[in-house]
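Working notes, beginning with the structure itself.
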Amino acid sequence: MTNVAASAVADYPLNQWYCAAFSTELGQQPLARTICDRQIVLYRGEGGRAVALTDRCPHRKAPLSGGRVLGDNIECPFHGMLFAPDGSCVDIPCQRAIPPAANVRSFPVVERHGHVWLWPGSAPPDEGLVPDMHWLVDPALSAVNGVMEIACNYLAALDNLLDDTHLSFVHRNTIGTPKIVKADIDIEGDADWVGFARWTLDTPPSAMHAMAGGFTTNVDRWFNVRFTKPSTVLIDVGSAPVGSGAPQGNRASGISLFSNGTVTPSTPATCLYFWHTARTFKVGDAAFSTSLRAHMEETFIEDKEILEAVQRNRACDAEKLPDLNLAGDAVTVRARRIIAALVEKER
Amino acid sequence: MTNVAASAVADYPLNQWYCAAFSTELGQQPLARTICDRQIVLYRGEGGRAVALTDRCPHRKAPLSGGRVLGDNIECPFHGMLFAPDGSCVDIPCQRAIPPAANVRSFPVVERHGHVWLWPGSAPPDEGLVPDMHWLVDPALSAVNGVMEIACNYLAALDNLLDDTHLSFVHRNTIGTPKIVKADIDIEGDADWVGFARWTLDTPPSAMHAMAGGFTTNVDRWFNVRFTKPSTVLIDVGSAPVGSGAPQGNRASGISLFSNGTVTPSTPATCLYFWHTARTFKVGDAAFSTSLRAHMEETFIEDKEILEAVQRNRACDAEKLPDLNLAGDAVTVRARRIIAALVEKER
Amino acid sequence: MTNVAASAVADYPLNQWYCAAFSTELGQQPLARTICDRQIVLYRGEGGRAVALTDRCPHRKAPLSGGRVLGDNIECPFHGMLFAPDGSCVDIPCQRAIPPAANVRSFPVVERHGHVWLWPGSAPPDEGLVPDMHWLVDPALSAVNGVMEIACNYLAALDNLLDDTHLSFVHRNTIGTPKIVKADIDIEGDADWVGFARWTLDTPPSAMHAMAGGFTTNVDRWFNVRFTKPSTVLIDVGSAPVGSGAPQGNRASGISLFSNGTVTPSTPATCLYFWHTARTFKVGDAAFSTSLRAHMEETFIEDKEILEAVQRNRACDAEKLPDLNLAGDAVTVRARRIIAALVEKER
């Protein structure tokens, strides 16, 4: 197994869609986000369209995100230069002429299934590459979501979504059980994606699944996990009472959670983690949604803590020994190779 | 217009006077200030004279500013070495002899009109270069003042004092009105100074001037702004009711504020901003002084916030595109050229 | 006097014993400490033995100090790899085989007289070099202790323990008196150690000794201070009423404090200071121990403040003039030479 995990990735595949925000986060109040080392201001013009511009006025480099949205445009808070959604300057209050350099970069944005996707690269954007998450807006399901900044390299956060062997340790009190790390997995994939299926049969439910499904007996639990480039993981996970036929395809007695995690690089040492979980049970139950959201947040804070501890531990590591890959890294190593190939292709 | 604003100035003209403190700040309690990258301790000896020494004991580099003033001298807090106002060591408690290297640098200091001016350079100081601010101590006027550390390069803070086009945006709720940015200016100057005059006629008063002058109708407002090297801006600003003759020279019905702002470089990313405002109205009204001071502070906090946001935004700017100069920068660009020429001359 | 003090020591003698913790600090809860730039986890296995391992799992570099102690082993909190006291991996939950690279470094540890000593170097450890502090566990004495992180280079903290001339200034309100800096000292030592004796005769007691000894008249005070490599200082200090015969060897009317200070480098700009003070009076008086401990802490916070101020002042010092050595530095300069020779020998 080559040592992909150990290589410090200082750049990102740029001609890809990255989640910049949830649709619900965007309004007339500008939102500042750092995406692939680019400072970006996001807002929604009066027509409702999502806009993403470089968050740095060409005049004196003030952050536009401190300014006002006026109609579809955004005003620099320092001297009032006004920028349109395409990044062109449409007004310079102190003068009549608008010089050619008076503009900021506008980034392609696509809004789909509650996510605002941004294309940081300079190649023409390909809308066909936007990850499909249509179930998030399926009226037959209920969904909760959240966004979290994690002070770690985005690849480590992505590994974490793809690797469920850490559930037995990091999440032993929330979504993990001891058997997960021991169960075999089936891996599939090609040059563009990689995924795996895992079953733990006849085990006590995790604390979270017991809460969600009200299980009082052992359960069969499934994980169907799939990485899609550049940095999204789709997770179909659930539990059902032993003997109710889940391994044979009958999930009727169980609970199913469709979780999507997408990780956006901010800087080499920070990232944004967007999670969105739809469920097939207790649909429309707002009180349960609140409770589930709190349980998910608790779980992800466990991830955030270990990921940030690792990042700090790497930062003060003078030895810089290569990482040691284990059997449990088979999927994450393949995902990293897919990303490395994308980076390589852009060089 | 050449791009003076964009050049990162890593040094300062040193053979110049910079404000180190207000006279009222200095007493027997030592004051630590960083001026042009030099750590300096300021204090007033028992004779009342202001003293400025390198804030670093030659023995083990302890900050003298943590020590006691004894008579005219200052004692190192670590091992008691005693330094005179000229920087010479006059006592080493653990030994009798005083070696030649046992001294710190003493900086020339001139105290005038309530300001303590310090000469950080090694050329002989020229007292003729101390900025004239005699009106600050004119008994016919009342004055308020303040000092603020701003986490930005001092040139950006200096630009801000010289540029009133930002008033229409940064200070729209305090001292700004929309028309300022649109009004024409007359620029004057030479190799040593630059200034401008601006009038906004028949406009609603700014919030602050309305408060100060009790105006209920439109006003004519004037700005007479003058930069003097190395980093002081003198601002004569006021408002008078339309028709009361202010543009013709009769300010009797209006309010006049003589503001002096002087900016002292601390480090490349921090500076000290000293402001001092004298007024021709409500002279001796202490309650009004308190209120005016609070309004000025509120205004300068608006400046501090945008200047620090710009500094942070420049710090993470990987593109480093040159700044784009606008018509509103005509004065600041000339002031920066004057400073750049001073730096060049010292090389 | 050559300028040893001024040289920035970027490394440490590694084939030496450094204090990693007090014995009372170690239990089944892992303790993270940085020692000579090495991140280390310390814990006590179920057999009670102290263990010190590199605090960085070879898999993904997670800090083992966030994990659980299981028997004599420690579990990585991320994916459950289990490490034995010798640093070998004894279980990888996700796979059967344990590859050769699956281990962490184990550091030699010796526990003696309440201190846990760690050998960071790669040469075979020599237990004969562990500092002797048997009086700390002498049942005829009572002892109090404490550990403090100081944000300064460890050599500066070590100097401070060896130099009592600063007592007249830094500690004028606690353990210092004006005469200390003026008293002569007798220095002894060789290539491995250096020490001195100092008496201040017929002086008012320090605030702390007056409290401890209940003195109402002048006292004779002694200091017997000895540096032993690599970074421990043994201090025999006390006061006795004038005329009670202390200078002639009769301490019966006085108080004696045997303080040991040992300083452990963490990083070039931080260190750990362990202090331990045994006394010959009020033995077994718990209330007095509490009070004495508070007085000692107060004193050491005075040290911490000046040492950290010096460190900050050095960090922003652009001139980097060499330190000026004084007569009062005769002992610290010799101690630094002993350390420099150790470093040199390891090169």
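Chains: A, B and C, in written order; residue numbering restarts at 1 for each.
Just so we're on the same page, a contact is a pair of C-beta atoms (placed from the backbone, for glycine too) under 8 Å apart; a residue touches a chain by one contact, two chains touch by 3 or more.
Predicted, not measured: the structure shown is a model, and the values here were computed from it.
**Q** What topology does the chain contact graph adopt: line, ring, star, complete, or other?
**A** If you draw each chain as a dot and join those that touch, every dot ends up joined to every other.
**Q** Give me the rotation angle that lays the C-alpha atoms of subunit A onto its copy subunit C, rounded to the nearest 5 degrees.
**A** 120
**Q** Validating interface symmetry: for the copies subunit A and subunit B, is the fraction of residue numbers used by both over half? Same or different.
**A** The interface is built from different residue numbers on each side, given that under half of them are used by both copies.
**Q** Just curious, how far off is subunit B from subunit A if you go by their C-alpha centres, in Å?
**A** Distance between chain centres, rounded to whole Å: 47 Å.
**Q** Would you give the residues of subunit C that are in contact with at least 2 other chains, written as numbers and ranges?
**A** none
**Q** Sort out for me which residues of subunit C touch subunit B in the complex.
**A** Of all residues in subunit C, those touching subunit B are 5, 156, 159, 165-166, 168-170, 181-182, 306, 309-310, 312-314, 316-318, 321, 323-328.
**Q** Per the contact definition, I'd like the list of subunit B residues that touch subunit C in the complex.
**A** Going through subunit B, the ones touching subunit C are 34, 37, 39, 55-56, 58-63, 66, 75-80, 92-95, 99, 101-102.
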